[in-house]
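A short worksheet on the structure shown next.
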Amino acid sequence: MSSGEKEEMRKFKGPKEACGVFGAFGHEDAAKLAYFGLYALQHRGQESSGIVSSDGKNVYEHRRMGLVTEVFNEEAVNRLPGHIAIGHVRYSTTGSSVLKNAQPFIASHAGRTLAIAHNGNLTNARTLRGELEAKGSIFQTTIDSEVIVHLIARKIHLGLEEALVRAIRKIEGAYACTFMTEDELIAFRDPNGFRPLCLGKLNGSYVVASETCALDLIEAEYVRDIEPGEIVIVNENGIKSIKVKKQHGRSSFCIFELIYFARPDSRIFGCNVYNVRKKFGEKLAEEYNVDADFAMPFPDSGNYAAIGYCRRSGAALEIGMIRNHYVGRTFIAPSQSMRDFGVKVKLNPVHGLLEGKKVVIVEDSIIRGTTSRMRIKTLRDAGAKEVHMLVSCPPHRYPCYYGIDFSTKGELLACRNSLEQIKRYIGVDSLGYLSLEGMIEATGLSRDCFCLACFTGKYPVKHDGEFSKLCLEKGD
Amino acid sequence: MSSGEKEEMRKFKGPKEACGVFGAFGHEDAAKLAYFGLYALQHRGQESSGIVSSDGKNVYEHRRMGLVTEVFNEEAVNRLPGHIAIGHVRYSTTGSSVLKNAQPFIASHAGRTLAIAHNGNLTNARTLRGELEAKGSIFQTTIDSEVIVHLIARKIHLGLEEALVRAIRKIEGAYACTFMTEDELIAFRDPNGFRPLCLGKLNGSYVVASETCALDLIEAEYVRDIEPGEIVIVNENGIKSIKVKKQHGRSSFCIFELIYFARPDSRIFGCNVYNVRKKFGEKLAEEYNVDADFAMPFPDSGNYAAIGYCRRSGAALEIGMIRNHYVGRTFIAPSQSMRDFGVKVKLNPVHGLLEGKKVVIVEDSIIRGTTSRMRIKTLRDAGAKEVHMLVSCPPHRYPCYYGIDFSTKGELLACRNSLEQIKRYIGVDSLGYLSLEGMIEATGLSRDCFCLACFTGKYPVKHDGEFSKLCLEKGD
Amino acid sequence: MSSGEKEEMRKFKGPKEACGVFGAFGHEDAAKLAYFGLYALQHRGQESSGIVSSDGKNVYEHRRMGLVTEVFNEEAVNRLPGHIAIGHVRYSTTGSSVLKNAQPFIASHAGRTLAIAHNGNLTNARTLRGELEAKGSIFQTTIDSEVIVHLIARKIHLGLEEALVRAIRKIEGAYACTFMTEDELIAFRDPNGFRPLCLGKLNGSYVVASETCALDLIEAEYVRDIEPGEIVIVNENGIKSIKVKKQHGRSSFCIFELIYFARPDSRIFGCNVYNVRKKFGEKLAEEYNVDADFAMPFPDSGNYAAIGYCRRSGAALEIGMIRNHYVGRTFIAPSQSMRDFGVKVKLNPVHGLLEGKKVVIVEDSIIRGTTSRMRIKTLRDAGAKEVHMLVSCPPHRYPCYYGIDFSTKGELLACRNSLEQIKRYIGVDSLGYLSLEGMIEATGLSRDCFCLACFTGKYPVKHDGEFSKLCLEKGD
Amino acid sequence: MSSGEKEEMRKFKGPKEACGVFGAFGHEDAAKLAYFGLYALQHRGQESSGIVSSDGKNVYEHRRMGLVTEVFNEEAVNRLPGHIAIGHVRYSTTGSSVLKNAQPFIASHAGRTLAIAHNGNLTNARTLRGELEAKGSIFQTTIDSEVIVHLIARKIHLGLEEALVRAIRKIEGAYACTFMTEDELIAFRDPNGFRPLCLGKLNGSYVVASETCALDLIEAEYVRDIEPGEIVIVNENGIKSIKVKKQHGRSSFCIFELIYFARPDSRIFGCNVYNVRKKFGEKLAEEYNVDADFAMPFPDSGNYAAIGYCRRSGAALEIGMIRNHYVGRTFIAPSQSMRDFGVKVKLNPVHGLLEGKKVVIVEDSIIRGTTSRMRIKTLRDAGAKEVHMLVSCPPHRYPCYYGIDFSTKGELLACRNSLEQIKRYIGVDSLGYLSLEGMIEATGLSRDCFCLACFTGKYPVKHDGEFSKLCLEKGD
């Protein structure tokens, strides 16, 4: 496969979430809970997986590149004893894709072990790292989580709680973290609440996870969301909550979690994700009127909006492309003598269904547009007469500085292209985006609850300008 | 995981198809074509994968336990040069699950290499093997494909074509095979045509595959099905067809291919699988009237009938369980201290959708019933008030002797249980099966075209009584 | 590494022995005994390792490319239960280096499993295979052991013992074999006794091995050698000996086993190998008078003759080259910018010792001369002023057809070169070979006991002309 | 294998050296040089291997548990481009046996990468680490090399050279290090010169290595030893030497390097190791007069003293135990039903040689005595009538705090036992140790040059009392 083709393959999966985090305290198989929790959060990061556990005295770790089920086997989990554990699945946002950057990040300080799992992006990581280095700190990774641990270590003589509070006062941006020492589990979320983080209970033990689907799998009871700006500390003495930073009156929930990232069976920001997506589709049906033989999603991410769209519009729903369930990690490229099978390796069109038909695609979002372009070409090759597309959010015009991996303007198709240009690029007969208002209405929450920066360019937290994913590498 | 739990896990995926076969002649990257062809046929067998290629002089092979994308990487495919190749994906029907039984089976005889890839089950393999051993033959595997090669070798002094014809006259049962020597590709299908096998063309080269989805992926043009009882020989001199055994006036297409096995984007037995499945759902809507809030499939196998059902009945379609896309090969079991997460590892219910609702499940088939039982329990735990189930085929009451892995009566839920007992076992409020007539009508073909033995017990080809998968092991 | 360099690396280790075989009957951990036995016989073959075991009913196998300690771990051995086992370590002589040719070779016939481990070369394998194929036999491997199993299977209706006797009457050449069925262990050795094979006892159980060093490791008691032309059958009824072929009055013990192949701590052909090698050195001292500062071997194979030489001649013994104990399987090649470290990767010269010195090397044998040439260059680079070489056998002029891997004349340095030419090629100041008479005398046995064909060209068993290792591949 | 047996296996190899270090500057394949250099230094550490390289801008690393040839393949070395490299092989002394402790240790600070490879033990690491943590430093490993990097980072604003000098002024104990940044190679050795470190030249490039055998393999020219207390800095501007700490008038060369650790073909501390060891044997012959049939070493470590002993005493030299060249990393244990093969897995006695004989073993040293005890038992089982032992150094009575892995008194056989008790424990008929004076005389250097603490208890550098290998773990 040429590197260009590989790039295409990589982009198949759309924008990548920062990470998923998990924590458990008080369960005799804490690491096993973490394993299942991370398994349920796998969609939030497929690059590396890691769990750190503690039996109250010793800390154990296992981190590797790969999916949860690849990284952990029975033996690996059994080498992680104890009643406390945190875990992390990661797709790189800050920090490059190498093993040393696999989380949780662990360090030891004065006989104590500190471990952190972080979802999100600090917006002042570079500045803070510079300050720490000026005081003599050395760094092992390029992940901004290491900065948080340094900040805590430097004040830990004041007690862990005070050190935490002081560290959190210094960091800015998006962070939903689980943190642990030998005998405590801590969870904290930034004052804007960019990323979801919820608290659950399982018999007597506490669990924390990025999404409720992790609680569901381990059959933990959902208690409540960790609030923006809240620190929750769980230890032998029970559970305790601290509000560190004053909240700015309004939150900045990432609306892209609802559009694409979170699992449809999760409940985040107080919303049922499945229902919100279906409503996006209903809103599309209200805003557009497309004449087509049937509507179809690109499975599975577009399924829910497609169902809503068909329900409201009365359009027939079909599954015009079939997912191959056996897509492997490594895939051999066609040779020069073959045509590029491209997208069909993952989704194969149903010829009998498409021939001579007018089709409307209901899609969750268009980021770079490369995948859409290829898939639409495949549909046309399979005989579709007309292909229309409805997208369940507005055009993505601005990069995200809070943890979503489409950080540069150059990568965003809608950044420099008009609707007409986009239509031509991806090759559809017509193209409609859901309006900002329609999208917000569908959530049932007020506009003030959300960070809409990727659509509006209005960033709720100031950031150090446009910077690449590798900003902490080489310090420049 | 206890072995019982593992067994459950294994059964998640439902009945297993025998195998998928592929062949190519005249393409400079024949093995690469086979790789993509097998990739598209992966649903027909996930236990082992193998390709044999020839450059006209030397024969190369690579066979391993595992999925196509696990068994082959760029390097492995590059070590398979030549313009001829056959390939095989396998789930064990005859022969146990060990490497030596991975196909294609290869042997050398008098300076010639003979390789075969076989989908189906010979019904007189045991008898033939006994006869061969009495003449001094020794065996390497427990797969009945080895019997075919022995038969061919014993008559090859009469010429390959004559040897083939004589071998095929001796074997009985189900076989859709690709076969090769250093310089020929041969495909043959039993006179009943139990299993599908089609011929395609790609520029100047010929390809043969179990299903058209393999032709689609490699962008080969579908030419026609290999007919029941036909041998197709492709070599330097072109393509040649021989009709070996007289067809019995009627075919015995396996209807379970249409119900469950074949990919929905394939065209087999002259039918568009996607459309047939949708029609099964429509027929269900005609035969049953269930009062429910919405209908849902167990994704993805039930999707198509569910769409048909909703279309015809007007019921709302929902996706009440979400597939986890990251299900790994090895999975760690919950500990004693945890409840059994069982089915949720693969499919998670959408709580917000199910709570307090009356649900009708549209399912393709019920074989052992264990998976259905677990999934229905999960739906109830997630709050479903009523769960009804409609199945898009009649009850499976008889084992299959022609290549489907539910060979013993004991494994079939409907074999010893009444409708009422099945209903209670799987835990639904009501249960309806599609009628035999409704099912046949949906296919658009006549009843005479199909083998319906698993529903009716009328076997089109006599078999050696009930025998287990391992009948060729230890010769007993 | 260029392929030429790799070839050099491969040749470092000198000529390769055919194989080592082992068998055990009546021990509760028969496979574990085989593991240790093969471990002790590893010097006889490093390409593949395999064990087959039986518990009296079922047969278990594990064969892989690699050393015994690489191929087997605790888990692999535990999957080989039973009280009967045979094992094999292999360097390819007949048959190419691929997994399918790993021994023991196993086949099933009429409900019975037959397994064989073979050391040696059949000289009429090609003829026999042709006859078998004419009768319809198909072949899985290119090893001549498969021929033996076919021959046995064809007559097994007469009883195993009779079938064995008839098979052995047909095969010619060198064979020291262990063979087993579900309930018997059999060992047999060709009438010439080319390869060693001994019988031992361990508590109540019997063991068979190529060399006594295998008995030593498992602390079995040496009983006696399996005699040339003898079949030993061990089963529930005890042990039984049959003499199949009349012995030709004289044996043909491979003298190269004493010179190089067998381990010095073994006792074979009634000789203590260590003592014989020391005597070779003593004989060299008697035949040659070299003026040097000291004598040294190339460790470890030359150590024993060097000790004998120094003892008799009074020369000082030094270890002028030090073995690196960590030589790995894969080794990275120097880049173009570096000089070729060649031989030093394995043996490093001791500079302080060699500078300005006159050295005499006592070496076991020179086959191709490439390794000697490189090593001598290394000694000169390290400062040696004069390098003389004494070799503890006569010049190798003729290929071996009985199991030693220097089968073609072209590979033998002494085949086409005069003493003077050899001296110049390997770069020594003087060169002396032990005389044939001196060598024989050192063994303490009569000339009639040995096959001396590699020195004299007089072959004790007729052979099918010069043929390559791959003679059974492609049947030509 | 029981853990006790494993422990025995581990002890087979005698005391373990701390580490081997290597560095190269100015060679286009610096990492490949490091690969070969480490390969030659493998005897100094077999637990982990690592190389860090730089192309002047970027730094690349590869570190794993395992031997050099296991850790590196062609691909891994090719991913380490650049003209600067340092490398490390490690057996744990300080720090436990886990991947994160594999060296070189790397950190980044203010946009600069600092990497270090360290042989030896700091005696004030614990104190320094405490001071650093009090200032807020966090730690990743338990190796004391991390302390050195922290010290350098804290002063690097004064320039690297000044930072180095200040760091070195703070650290105490044994250290022979290679260190690098993106554009410099630095080597430094403690003022006592406990561990060897030498400088070489290869065409225009500089190399540094623990022993000259590494220079030999890569055909670099030996220039001189890095002097005790010297820092050598190599960069674009050439080479520069700084003397940091005043030397105490006398050095403290580790005499155990000469006795056992260094390779015999190396030249360290100005001595030819091979010759010194031979002289140890000669001195033994002068000090003892043992009546025996022959003398033998335990190969290979005892070979050199045995040669010297036989030369001087006139005793016959034999190789009474044969090394198995195929000892694997993992080894399966005998079952309960077998006797423990123990030592024979590695060294097999030559029965024919030993039976009824009086044998004198010339051995380099006795540390724990467990291996000697087992081997002597094996010799007696093989028939030896009398076994005497001569040891080429005095009894080891005191632990080493400078990098040798026999840090606790409890492990030293001679610590609590009289000569008579040792004799009985290891099972010899007589036992003689070389006198301290004899040993020193054999080296040709004065007593003042050496650290003799393991024999005399007089430690040249004060240490923090008896501490375990894990003293830096958990900070206690």
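Letters A, B, C and D mark the chains in the order given here, with residues in each chain numbered from 1 onward.
The working rule: contacts are C-beta pairs under 8 Å (C-beta built on N, C-alpha and C of every residue); 3 or more make two chains touch, one makes a residue touch a chain.
Computed from a prediction, not measured in an experiment: that's the story for all the values here.
Visitor: Between B-C and C-D, which chain pair shares more contacting C-beta pairs?
Guide: Between the chain pairs B-C and C-D, C-D carries more contacts.
Visitor: Quick check for the class: compute each chain's Cα centroid; which one is farthest from the centroid of subunit D?
Guide: Greatest centre separation from subunit D goes to chain B.
Visitor: Find the geometric centre of each of subunit B and subunit C from their Cα atoms only, then give the gap between the two centres in Å, rounded to an integer.
Guide: Centres of subunit B and subunit C (C-alpha means) sit 49 Å apart.
Visitor: Could you grab the centroid distance between subunit C and subunit D? Build each centroid from C-alpha atoms only and quote it in angstrom.
Guide: Subunit C and subunit D have C-alpha centres separated by 37 Å.
Visitor: So which bits of subunit C are touching at least two other chains?
Guide: Touching at least two other chains: none.
Visitor: Looking at which chains touch, is this a line, ring, star, complete or other?
Guide: Looks like a ring, each chain touching just two neighbours.
Visitor: So in the complex, which bits of subunit C are touching subunit B?
Guide: 106-112, 114, 130, 133-140, 149-150, 153-154, 157, 474-476
Visitor: Help me check something: in the complex, which residues belonging to subunit A touch subunit B?
Guide: My answer: residues 27-29, 32-33, 35-36, 39-40, 42-43, 46, 67-70, 72-74, 77, 213, 216-219, 263-265, 267, 272, 274-275, 299-300, 303-304, 307, 310-311, 316-319, 322-335, 337-339, 341, 344-345, 348-353.
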